[in-house]
Amino acid sequence: MDLISYLPFSLPHPALLAAGVLEGTVLAAVLALTALGLSIVFGIMRVVNVAHGEFYMLGAVLAWFITHTVSGTVGGPPWLGFGIALIVAPLVVASMAAATDWLVLKRLDYDPEATIVATIGILYIIQQLALTFYGPDARPVEAPFDFRVQTPWFGYSGYKLSVVGAAILLMLVVWLVLTRTKIGLIMRATQYDRETAQAFGIPVDKVYAGVFALGAGLAAIGAVLIVPIQQAHYLMGGDPLLLSFIVVILGGLGSLRGTLVAAIFIGLSDGIISTLYEPTLAKILATLLVAMVLVFRPQGLFGARAA
Amino acid sequence: MAAVAQLSAEGLVKDFGGLRAVDVAAFTLNKGEIRAVIGPNGAGKTTFVSLLCGRFPPTAGRITFEGRDITAMPAHERVASGIAYTFQITSIFGNLSLYDNVALPAQRRVTLDGGGHVRERAMAALERVGLADRSREIASSQSYGHQRLLEVAMGLALGPKVLILDEPTQGLADSEIADFITLIREVAQETTILLIEHNMPVVMALAETITVLDQGRILAEGTPDAIRENAAVQTAYLGG
Amino acid sequence: MIRSILLHSFVIAALVALEPVLSEYHHGNLARIMVLAVYATGYNLLFGYTGLLSLGHAMFFAAGMYGCALMIRLAEWSVGPAFVVGVICALIAGIVVGFLALRTIGVGFMIVTLMFAEAAYLTILYYNEYTRGDEGFTIAQSVRTIGGLDLSDTTTRYFAALTLFSICLIASAAVVQSKAGRVLVAIRENEDRVRMLGFDPFRYKLLALVLSAVMAGAAGAAYAVLFGYAGASFAAVQYSIFPLLWVLLGGPGTTLGPLLGTVLMFYLVDYASGTIMPGLAGMVETQFGIEAPGLASAYLLLVGVALVLLVLFAPRGLLGTVRARMIPWLP
């Protein structure tokens, strides 16, 4: 923390700093989930999914619709609506992503540049459809439970802490699936060499659709978890997209460990900085850093197959 | 005529990962000769000539061209200074016309010379390989043999001092090969030729000296007759 | 060559001839379209001819716009010199970004340009004090004059936009039909081969990028002085996507494609946001009983749909298809 002394700001009160660290931890957890989705899609399919943030937004907006319906129309308790949203929203988003893969990306034969242009188009389509049916307002979702964890200095939301727990749990599951199961093996084989995998009878089309669905689903879960903390809004996809890009590029291509480390680093610093200081300056520096990493250490992300 | 060294390499090494693809202690190409490089598949022939023309940097060693050390010179400058390379895998501009394909190297030469006519030069190159009447056609619509010839024409339009041809007769019909041999003899009047070739009749018909590569090293070097008699070469080819 | 000169002269003459017959509304639209078509023409030099897909051109547009507008607002310079400053800002940005971003290829180049543009956009927001951020600032009508001509007057504005567009169209046609242009196209087709023909691809790519940035900057500066406004939204990602869309629609690698794409997309979005979307919104709510509170303002939906359809079904765009099917000499 030597760095703090060089900052052109006064040192904050320890309690405020602790609060910043906690907020940062929550952000880091959700960011790690979202970025993991982007990283898996890039790592296995070599597709840069610019619409990733919109799948995130869609998860949040669907969570609002579901919880709103359950509590408003049916009169169920908040935990019920949230529980349903946590399962249904990611599944809906994942199936939409699979359909996108089938209808668009596959037809482009996963050409890297064409898929970027296409996912930019998909970004606008999803975002504008959300604007159409959800409207321009930001709307809150009630947390499924409400208790405070008391520390000697301040109380802290128990829900936020459980978000961190849930994110860690989910990432462990993804990690285990990718490294210890047959599905994971098939995915890695496809990543290694698409043609050979196909020759060995791996249904590459289905693997790709599944991977794209998984990536979008992870973003949607992250969004459902965050939506009781931040409100659902049709433009909320921009920030997680930018941060996920930063995380994936800094963490290194397809490296799950790198993605996690970078997510924790970026999430924490973003949390601390945006709680305490000017966030725009931090974002400027982060985007420039990412550009420089790509220029001077391209092997980190877009290595031998970047052509 | 005494032999004048034009392009030479010393201690040239290229590693890919842990694999030593090229390890050539000494190689000299003399001005005006036709040299063939032969060797079994995977002997490092293409890698070796790619180092000479600068497509990638060597791990170690030194390359000299007309007395200048060109080891650190980027590929495009080597080409500009007179080393032309035609690709083994046909590498033409498929969406452009045959004329535009040769006009590019022609305009490069004209710019370097500070004078001359791009159009004349380009058409002359097409004329030499017999494609002049097709100059307006699109390159990708041509037969494989014609695309190989276009590739050679692009090399010729550069007016190089050394022309490196990487398996130029691959996929050509027998009649086309006969014409090709005549063409190379003609070109060799003013240009040094370094030829990678699998087709032994072509090698024997053209080469004055043959360099045999095996596992990245020079196994033998000599006249066609000497190479034909060489026991080590026979072992490398037939498997000992 | 002669056919090409005739074609471009005809298009410019047609734009001159249109001026007296246009209604006030279309008059303003077309002036705006011509300025944006300058932006697209520059983008096309890089993307359509050289094959480099930038996702960050808004930074060059914004460099021109702010370079010019801030000189007028803060230093009280007159329009002419301020315009030149804007173009120089874009030139410098192009050189710096080029030297860095051109070390990468393909997807790397796209992401690097995107990141630089995002940093530029955030910088404009950060210096809110001078730039007034998203809200932007207007340039008073009284200072928008050049050589005694009032640039806010519709006819003058139209001809000012047309002059700039004509210069850029002719420059672009001249470049792509020059020797250097032939190298640019060859780089798009096969960069490695170009290198092995003795050309340094980096120099040519830098040339294309800088020319492209200068045109984008000229468009940005012209927008500021002709329409009297500068705002951060012109630096946002969306303004990097627009020229890509216009060029894709009109035909990448055709000199007139950028103008055609800009005209079509401008009127499509204009018509959609003014007529189609509000009508549709009413219909959806009364006929189907579905709540669609944002439909009337969701005109960007068209941008998304157009991008996906173009990349899937017509990657050559309109004029590219015309060239492939009917008129092979189209420049």
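As written, the chain order gives the labels A, B and C, with residue 1 at the start of each chain.
Please note the rule applied: a contact is a pair of C-beta atoms (placed from the backbone, for glycine too) under 8 Å apart; a residue touches a chain by one contact, two chains touch by 3 or more.
Source: prediction; values computed, not measured.
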Overall pattern in which the protein chains touch one another (line/ring/star/complete/other): line
Would you identify the chain whose Cα-based centre sits farthest away from the centre of subunit B? A
Express in whole angstrom the distance between the two chain centres, defined as the mean CA positions of subunit B and subunit C. 45
Take the average of all CA coordinates in subunit A, do the same for subunit B, and state the distance between these two points in whole angstrom. 52
Distance between subunit A and subunit C based on Cα centroids, please, to the nearest Å. 32
For subunit C, residues contacting two or more additional chains: none
Of all residues in subunit B, which touch subunit C in the complex? 53, 55, 74-77, 79-80, 84-85, 87, 91-96, 100, 103-105, 107-108, 111-112, 118, 154, 158
The residues of subunit A that touch subunit C in their complex are 48, 104, 107-108, 112-114, 116-118, 120-136, 234, 242, 245, 249, 278, 280-281, 283-284, 287-288, 290-292, 294-296, 298, 301-302, 306-307
Under the definition above, what is the set of subunit C residues touching subunit B in their complex? 179, 182-183, 185-186, 189-190, 192-201
Considering only the defined contacts, which subunit C positions touch subunit A in the complex? 53, 55, 100-101, 103-108, 110-112, 115-116, 118-119, 122-123, 125-126, 241, 244, 248, 290-295, 297-301, 303-308, 311-312, 315
